[in-house]
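In the two assemblies presented below, chain A is common to both, partnered first by chain B and then by chain C.
Coming up: the complex of A and B.
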């Protein structure tokens, strides 16, 4: 567990993701880059279109702009929380929005708008239809293209990833039962052989699994993550017992049995809960990024599997999970930013090729067998992939 | 961000301040009467070799010659060493840090006292902008190594402050009292508990005596530690040391809020020198409940934590997530609930999803005094970069320093909360070093640091 989570945390972290999801309207091609909205209607100044939202007014510094990237700098000059919308001509469909702007705060809304008629709206107090005005985007020759099927592509990707999570959870439950049985029975050799491979199912879906803030520490806490007095259960508790450091006192049969039983129960609970998790494009994108962060933070440094040294299994599984999320989003990404899709493809392949060099039988070399150069090489490829991967969410969702 | 284990948030009503008399005790006028390093050189040049002996003789604690040599130009770069409290706590945070923790290698009480006396004299000289020793860097015998290492010659005093503190291991080791200090270890000088996620390295943790040197010039700060280490050879050995640049807090209302390596303002709501009543309540230690700890009255407790920041991962995080984790805007530093930098955060105000604008696990909320029984601390941390980790990542972060009245109430509970619940800490930070030290009150002319311990 790189995320060293505890109950409250991930729940609220999950809540934050949910907020992102609510914001993630998926209409026109909103920009992932800021080409700044030079030229507003008055034609005199470059820079963002200024929007000032008060209780009674929604002042927009321009009424028209050329097509392409637009930036609205939305300043809340009122005393209540406000929102700002760009609506389609029908006044119903939301093209882009920025919400939850506290009093006194300015937040930018960046979008790529094709020529057409629009409606802007401030919503002080976040209630009602908002204070509306017409807004025109004129053809600048830099026409943003729109694909009406984009939403469908995204939806398909999310559905596929949901199925992937379900499949991995089922395999995790089955594998955990087998591992737990061997471990409880004192069959250390068998338990050791199952340890890393079974954990891969967990590591592939880690961001989803971690969204349950109470289960994550029970299943995946490392010894260093414990707080004084906290009971230590889960995979790494068994790991230390199976791959004992010098001077370690082995658990008794009864203790092993209890750990095994708890591991299975918590995993089954996890499986049940994942059934009702609602995923969305931003969760896939952020999840892929988080998986690579996990690799960079804990696996590349060999801190995750400190006794078993099976970090490369986890490493591979994190990369698997990130790659599946990316590939599920790829059809949509290709429409929005084909170059990014190509770049990510190449960098996933390069990292995978390097990982493959360390494959041994069904698994991998132990992490402490890698040379310093080899670790550096892996780390460099993780960073090289992590950087463009961090752009995935904005590219697809905005 | 702003007053916790990692620059958290502590409420201060903005606006009401400027109790000028409360500014760091800069009472002594002795500083200006002393020779600056520059003045000394000039004089030596004029007087020639023949005058050297006289200067050398005159320098040791006597001001007459110095007063004649160096006009008492108002020297903003000198922070007086002597005073009721040690400088370097409420002193407006300088830009640079060199901190070192020492292990005392002698077990002889007299030797320890000698060391503290020698350090006191050297610290007083260096903070006043003078060289150490009676002959300094260039005025000693030609066949002897110079007493002062010399790299601060020609530099101003640089607002150098040198602050000393004592670790628990000075008082007892392996269950045995040292230096006859039985019963003198203050109850507040606890052994810190293990905080979840701690990855403390022994070579960056603990120590018998800590010395914090802060200055506007890094060379001045390094010079100070280097000379103290040299004086200590045979009696004390450097256990760990840390360079810091870029103060991450403001400790005076005259200062602007600095930024940490995450790019966020830090120290917005830090306790400040002007908050005298709050300092009494939260920073300055009392006489304790036993006679043996009365020597700490007027002192404080220094917590140091070396906090590695996963800055490469942070840099790949969306602005929405960054601001959400902190609970403030990155540009202005305003709380997400609205207003400007110094507006008090409103933790109840909600967005259209019914969730608070400042998330339940946002750093400013968890670190806020309101969430921590009203406790506050005075933070004095620095950014650091110690090269890279061999994997292409900067070994960089925040060297957290805080002064508190009692770590049991003013540090441990908050750090435990942050270590468990702060997503920022969980995902982007790693604590690699730690120290807790009892910082005695200041030294009067003729006294030495920690004198109260030995009486």
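Coming up: the complex of A and C.
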């Protein structure tokens, strides 16, 4: 390498580094700006909390404050340089601090504090653990803008739902293989008995499965929705063959076998792809709503399982899926909109109670056995749940 | 008064040292013409810090603690990167001094000198915001008594004076020794800045291990004493050092020093007529 060119190369590297640094730090600085509390006395704080630090004392003018932006005005009345800390309840994690408070100087510490227990500490001489006292931040109803704990709750929820999706796809693959084997072998009675229960695993995670635009029609297309020229495969193809309408010409053994094989292959492909799918809080929230829309669109009308009439199995599975997504987001939702969480809880329970009335053995009544009033009742409960459920995503994510 | 003086002194030294060594380097290598750029970098950093500090103190918006720590810690670590690059650049160009290739090197020095502006700006800027916030607080307090501000400014002035003396002092040192030792000093200082940056990020909760101390000598070296102040101001020595800080310091200083010394001493074995070849080997 020619030595004399290297400084130039390094210069560019240095300059690039500086640009990267500037672009990284500046937005951070701007995003982290927060109101100086003394400028808006009508806000959550009535002026700064006064702290006086001396060699032996750390006087804090209040022992509690409402959550939101807090300002501590820390005055050093001692002779040594002091520091002031706000520590988390464990006394270890620094929530905020201000250093270099010289004698006679007052410095402000501004922080955004969610409700909880804290410890304040002055450190005259800048060493040791400091002079500590307990401090409580009470929930003011106003939400802190920076809330690491909330993010943690959301992340946990997403992780749990991801595990749920994995579990359901595994059961779906196992169930589908069993169903396909029975169907291909011409064991119609066994295939019929497995049909609705196996499909429940699919219906529970339908929004995730539907995110793969090519697999969904292969697995779940209904005859009425087929595009011209589209080859009809999947569950509903088998359904029509197993629960034949009048005048239906049954498939040959070879055709059945092909359908069964394809069903298993597509389901395995789905399972592989869901392993790498990235879920997030908004996908959970929107997915829950999609599942309920699915109920309103296909199940309440009885269109989904037009031959088997097992719509209530799908109905239950869609509600299960929506409910699990909601439950996973609930801890975060309770922090941001507790009223919505309570409302959703109540409406899920009401719908579930109504569904339970139609339970029969391990399964449900056939949809064509339900009276008009019963369908009406289910439909009304689905609608009343759909309305608050549409607010879930915005409440958790924004 | 004394305490505020010491804060000013410490913050001043932290900002001054790297700039002083760069100044001495430029003077020694006969590139005094580049000094205004260095000062421009310093000027920009001071102006930005003072302005930003005033805005945050008197304006309607403040900066959260997390942001302050992340800015200080982030800038420190970037500064270390640039100082390291500078040290090796200096070592390389110093070797070509007096040779016929001088003019070509100066061409490139011209380009690289813009890097100098950045180094100077970062060296001052990383401590600038914190110092500015402290100074404005002292200025606010001057309604009650002028001594805090006076003490702080005196501390800064003494730091500048010490810097000037150091500058004069190192100018007297013999040329080849000067280049070696400036580099060594810069590597050690940069190691301190890195450890300090790591500590800032630990305090901000971005890095773990704030309470795992490698050693705590704050009883023997109180941070508020004059010698504690000098150690902190010059080497960024913290009497209570976490394991992560200590590890960062060791992992930075030892390999960088090794490569620096190797780059510096090896070319001397080569004939002076072939500086380009020597550089090629070193790099």
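The definition used in the following text is that the second predicted complex is superposed on the first by the 250 of 398 C-alpha atoms of A that agree within 3 Å, B and C clash if a C-alpha of one lies under 4 Å from a C-alpha of the other, contacts with A are read in each partner's own complex, and residues count from 1 in each chain.
Criterion: contacts are C-beta pairs under 8 Å (C-beta built on N, C-alpha and C of every residue); 3 or more make two chains touch, one makes a residue touch a chain.
Values in this document were obtained by computation on a predicted structure and should not be read as measured data.
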| item | value |
| --- | --- |
| Which superposed partner A:81 touches (first chain B, second chain C, both, neither) | both |
| Chain B versus chain C as contact partner of A:338, first or second or both or neither | neither |
| Touching partner for A:174 - first (chain B), second (chain C), both, neither | neither |
| Partner chain(s) touched by A:383 [first = chain B, second = chain C, both, neither] | first |
| First (chain B), second (chain C), both or neither touched by A:111 | second |
| First (chain B), second (chain C), both or neither touched by A:126 | both |
| Touched partner set for A:103, first chain B, second chain C, both or neither | both |
| Partner chain in contact with A:393 - chain B first, chain C second, else both or neither | first |
| Touched partner set for A:225, first chain B, second chain C, both or neither | first |
| Chain A positions touched by chain B in one structure and by chain C in the second | 3-4, 6, 8, 13, 15, 18, 81, 99-100, 102-105, 126 |
| Contact footprint of chain B on chain A as seen in their complex | 3-6, 8-9, 12-13, 15-16, 18-20, 22, 76, 81, 83, 99-100, 102-105, 126, 224-228, 230, 289, 293, 296-297, 300-301, 303, 372, 375-376, 379-380, 383, 386-387, 389-390, 393-394 |
| Residues of chain B that touch chain A when the two form their complex | 193-199, 310, 312-313, 316-318, 320-321, 324, 329, 332, 334-340, 343, 349-353, 355, 357, 359-361, 390-393, 416, 419-423, 426-427 |
| Sites on chain A touched by chain C in the complex | 1-4, 6-8, 10-11, 13-15, 17-18, 21, 24-25, 28-29, 31-36, 39, 71, 79-81, 92-112, 125-128, 146 |
| Sites on chain C touched by chain A in the complex | 1, 3-4, 6-7, 11, 57, 59-67, 70-71, 74-75, 78, 81-82, 85, 88-89, 92-93, 101, 104-105, 108-109, 111-112, 114-115, 118, 122, 130, 133-134, 137-138, 140-141, 144-145, 147-148, 151-152, 203-205, 210-211, 218-219, 222-224, 239-240, 276-283 |
